[in-house]
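Each structure below appears as structure tokens.
One chain, chain A, links the two complexes that follow: it is found with chain B in the first and with chain C in the second.
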Partner chain A sequence: MSSHSILKWGIRFYITLFFLYLFTPLIIMSAATFNDSRFPTISPWRGTTLKWFEELWQDSGMWQALGNSAIIAAGVLLIAVPIGVACALFLSTYRGNGKNFLYGLMLSPLLTPGVIIGISTLIFWRSLGVSGGIYLTMIAQTTFIAAYVMLMILARLQRFDRTLENAAFSLGASHFQVFRRILLPYLMPAILSAAVIAFLQSFENYNTTLFVKGHDTTLTIYIASKVRTGLTPAVNALGLILILITILFAAAYEVKRRHEARQAQINPETDSESIAGKQ
Partner chain B sequence: MFKQLSERFGPWVSLGIFLLMFLWLVMLVILPQILMIDYSLRPNLPPSQIGGPDDQYTLKNYATLANNAIHQSIFFKTIWSSVLVTVCTLVVCYPLAYYLAKVATPRQAALCVLLLIIPFWINEILRTFSWFIILSYRGPLNALLLSLGFIDRPIRFLSGDGGVIVGMVYAYILFMIFPLYNAIESLDSNQIKAARNLGSGWIRTHYRIIIPHAKPGIATGCIMVFMLSAGSYAVPALLGSPGSRWFTQIIYNWFFEGGDWNQGAAYAFILLLLCIGFIVLMMRLFKVGLGDIAR
Partner chain C sequence: MDSSVHLDNVMMRFDNFVAVQQTDLKIESGEFFSFLGPSGCGKTTLLNIISGFLDPTEGTVRIGGQDMRQVPANKRPTSMIFQNLALFPLMTVAENIEFGLEVRGVRKAERRKVSERLLNLVALPECRDKRISDLSGGQKQRIAIARALAVEPRVLLLDEPLSALDLKLRQHMRTELKDIQRKTGITFIYITHDQGEALTMSDRVAVMSAGKLQQVADPMTLYRTPATPFAASFVGENNRIEGQVVAIDGTRVTLDCGDLGRLSGHTHDTFRLGDKALLFIRPELLTRRTSMSDNCFTAQIRELNFEGAYLMMEATPLKSQHRLRIQLLSDMNLGDVAPGNLIIFGFAAEDAMIMSGARDV
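What follows is the complex of A and B.
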């Protein structure tokens, strides 16, 4: 066996190990949903059951938290996407002093720990008389989710051909027509992807939400509190459902992205968009 | 500034752009941070005394950390553990990122990226929770080790920092792999071939060609993982025990148990300074600019 093929087998072994590491915990967690044991585990197996789904279904606290999460995520999406688009348009247009500074400022929420965004939002808005709750959670999450949106829109804008705008202008289009008929349609795919990611980011946020939630509970907060007090496999049932929804989302997103890539015949570059969205 | 924008978008759309940008940057990003720092420099007073003679700037809240040995040891443990998490994720991810970017066929790479993206999208709490099950006292890992005869009685994995570190490596690994992958992928494969043809072994090829090229990706990945680890509340709350507290948990206690927001703000600002310090260190070390990060 040559050293080259040893290396090749070594790397294959490593990849397999890596993906086992990545998926085994999730599989174990999902499997524990079906175990008829009061504590979520897979060893020992006390018989297969679906009763934990039923318990979850009847848990009013879970439904309440789910409702809150959905409202917050919808709110974040409506505020963060326009902000992100506006900032991306600004960055792609403005040339001059202070541009790098503004860009750094716009990135800063992504490099700030989530707990600090939560704390500073809490302190600032309390001084204005707003206390913790659903609305403050929307504000706090928007702070950093807008930056993700900005990056995703910016990535698409960088491939935009400005001569299209100039052509429209010389054909007599107004500023607003150019914006509505040329720029927005071009950005639409990125805006939709950004909206999906903004929604998911908001839905799964924990560290920031923890400080600004007040007495309201989101689904993620609810799961964490259940793990620490009153843990039953009903939590696993919820986890399994969320994982399945996530896989569906991810698959749909991926299919849509590949479809676009094939149509536009610009392949691997779009990868950076989906990845920038989750940094 | 306004002129450049209105030439392209017209006055009304430009006004909207400026308004949204102003709202975000001033109301959500800058002012809250400034007020947090202001808070951290004031004493914790009952509402009636705020604005009174006692309400003066002080460094007292920062002195608390200097005088409290327990908080200090937790602070340094948080730094040390976050560095450890960062190094572990880098070591684990580099071979895979290299494989995806340079060895795998496009089909294989696309499949792997999809397989990586799925757990990436799954909630951090759920990813941590799955380790809670694995590591629990009567969990599958103990059961496996017992049945294989490696141990005589179950180990309490969740009583020290070990569980927290394992959980963090798992939760944040994908924030390392994508920046690395993007950076290595942009390297021209001919450079690797050229190095081989000129007689460079694979260690030297990595050390002299690939790693230098991947610097921005390495820096970005390290910054993200360190920031997420040092600032994590979820993982230590789920996988830690009272004996293995994290700095974020102390901050949380100042706010919601100690009721001393000024003190909490000071600790939060210290954490922020730590993260900024790490970012600056990384940018110096790898000689990259802010523009290379989060591309």
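What follows is the complex of A and C.
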């Protein structure tokens, strides 16, 4: 066997191992959904059933928690995206002193442990008479999620050609028109991905939320509490549904991307033909 | 309509760096006016002051007689074509052209009429729904012109818009720009470091160096009678020879040029005997002679470049370190014109310009 094929097989083996490491837990978890056992396990297999989906369907606490998570995530999205975009715009144009300080200030919640963000948010707002709950959770999560948004927008802004703004300005556009017609459409893809990231970050957050949730419960908190009070495969059923939804979105995105890539490939060809035809 | 541009005592300083020195200039209505200079000479700064992107440290800009001090860039009767063209990549060709009208609230049907007229003017009517990324360099160039013209500016500002194009296209666009300027009657203010562009298109050219206007003149005057040593060496090719004044006869001055001997030329400056001076003689005005006389020297040919209609050579006069550039018509009987050979060259005193060396920058 040549060293080349050894390398090739080595890489294949490694990749297989890597994907097994990634996906085995998910596969086992999903499979346990269908096991007619009181515990989320695949051995012993006590028969195949769909009853855990039914139990999940009837779990009002879970639905309540899911609803809270969705409301919080939507609220975080609505607060964090405008703040993050505004910070990115400011930092990308501001040339004065203190720019690095402001940048550091925005990023510091990312470097602070989530537990500390949770506790300090709670202590601060308590002293003002605000107790934990859905709204405080939105505020606490926004502190670091806005920083994610800012980083994503800044990355796109770095590639923005500032002369486009001058060009629009010289054609008579007002500052607002320049923003709405030139800058905003350019930033839109980054804003949309930042919104998705913000939503997911909020949805899956546990450690910050734990301190500021008050009497409300989010999905992650609910699942964690179930681990203590007794987990049933109904949680696996929920996990499986979330995985399927994720796969569905990822697949839809990929199909759309390939479609666009194909379109982009077709266009230049037809163009060069039409030019050649004229000459 | 008055679309003249006046610069009254305009000066621009960034911190301690003076980008544009005190400048007074009147650009006539409907003129094709160029600022010519090397990069960093302040010409782009001047253009940004006229467009309103920069406020001058001192002085005022007037367009059509109207003071522009309180008028921001988006309210000035100017529009600009940028060096990188700055077409909006997310809009179609037509949307680009109509943008200036759209932000003014012009109706869609009206806008469409304008963009169709302009697409015809720049000879690209079939491109109206194309995306910017689908255009070639020359097409982008023309769309940028159409977009700038759509807002019916009184003054069009062009910041080296041809520099990204290849030579053939650049030459073609020169005639096209000049043509559009003639058709529209708009004042064109053109920025370039390419003297060929400035000379072929402009009614008048301002040569700039180190933030200062060196000379403002029509292309022919600029080429034939440069006012400063900088203008003499920047516009076209020129041989520069240093010397000391030994004789003055009206406008005719004779210099002692060391190992090149005594050479005469004409001048617009005043000199005293013993002053240091510079003599400029263009490569095409140095001609071949059969015998030695005044303003002649024997030189050895170092290098010979065939340029089609012309032959460009570098020659060193005997006992001298000078390398002179000489241009001969290549249909002449060239015979012994070959590297290493000794040939007698000379020039007429009225073809050589003599300038004071003190003003050299």
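The definition used in the following text is that the second predicted complex is superposed on the first by the 241 of 279 C-alpha atoms of A that agree within 3 Å, B and C clash if a C-alpha of one lies under 4 Å from a C-alpha of the other, contacts with A are read in each partner's own complex, and residues count from 1 in each chain.
Everything that follows uses one rule, which is that a residue touches a chain if its C-beta (ideal position, glycine included) is under 8 Å from a C-beta of that chain, and two chains touch if they have at least 3 such contacts.
Quick caveat, the model's predicted, so the values are computed rather than measured.
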When chain B and chain C are modelled together on chain A, clash or fit: fit
First (chain B), second (chain C), both or neither touched by A:261: neither
Touched partner set for A:196, first chain B, second chain C, both or neither: neither
Which superposed partner A:71 touches (first chain B, second chain C, both, neither): neither
First, second, both or neither for A:174, with chain B first and chain C second: both
Of chain B and chain C, the chain that contacts the larger number of chain A residues: B
First (chain B), second (chain C), both or neither touched by A:124: first
Chain B versus chain C as contact partner of A:186, first or second or both or neither: second
Partner chain(s) touched by A:164 [first = chain B, second = chain C, both, neither]: second
Contacts of A:23 with chain B and chain C, given as first, second, both or neither: first
Nearest-approach distance, in Å, of chain C Cα atoms to those of chain B in the combined model: 10
Where chain A meets both chain C and chain B, residue numbers: 174, 268, 271, 275
Chain A residues touching chain B - in the complex, by the definition given at the top: 7, 11, 14-15, 18-19, 21-23, 25-26, 28-29, 32, 39-44, 82-83, 86-87, 89-90, 93-96, 100, 102-117, 119-125, 127, 139, 142-143, 146, 151, 165, 174-176, 179, 200, 203-204, 206-207, 210-211, 220, 223-224, 227-228, 235-236, 239, 242-243, 246-247, 249-250, 254, 268, 271-272, 274-276, 278-279
Residues of chain A that touch chain C when the two form their complex: 161, 163-164, 166-174, 177, 181-182, 185-186, 267-268, 271, 275
Chain A-touching residues of chain C, taken from the complex the two chains share: 51, 53, 73-75, 78-80, 82, 84, 86-88, 90, 99-100, 102-104, 130-131, 134, 136, 147-148, 150-151, 157
Footprint of chain A on chain B - complex, ascending: 1, 4-6, 8-13, 16-18, 20-21, 23-25, 28-33, 35-36, 39, 92, 95-96, 99, 103, 112-127, 129-134, 136, 138-140, 143-144, 170, 173-175, 178-179, 182, 185, 202, 220, 223-224, 227-228, 230-234, 237-238, 248, 251-252, 255, 261, 264-265, 268, 271-272, 275, 279, 290-291, 293-295
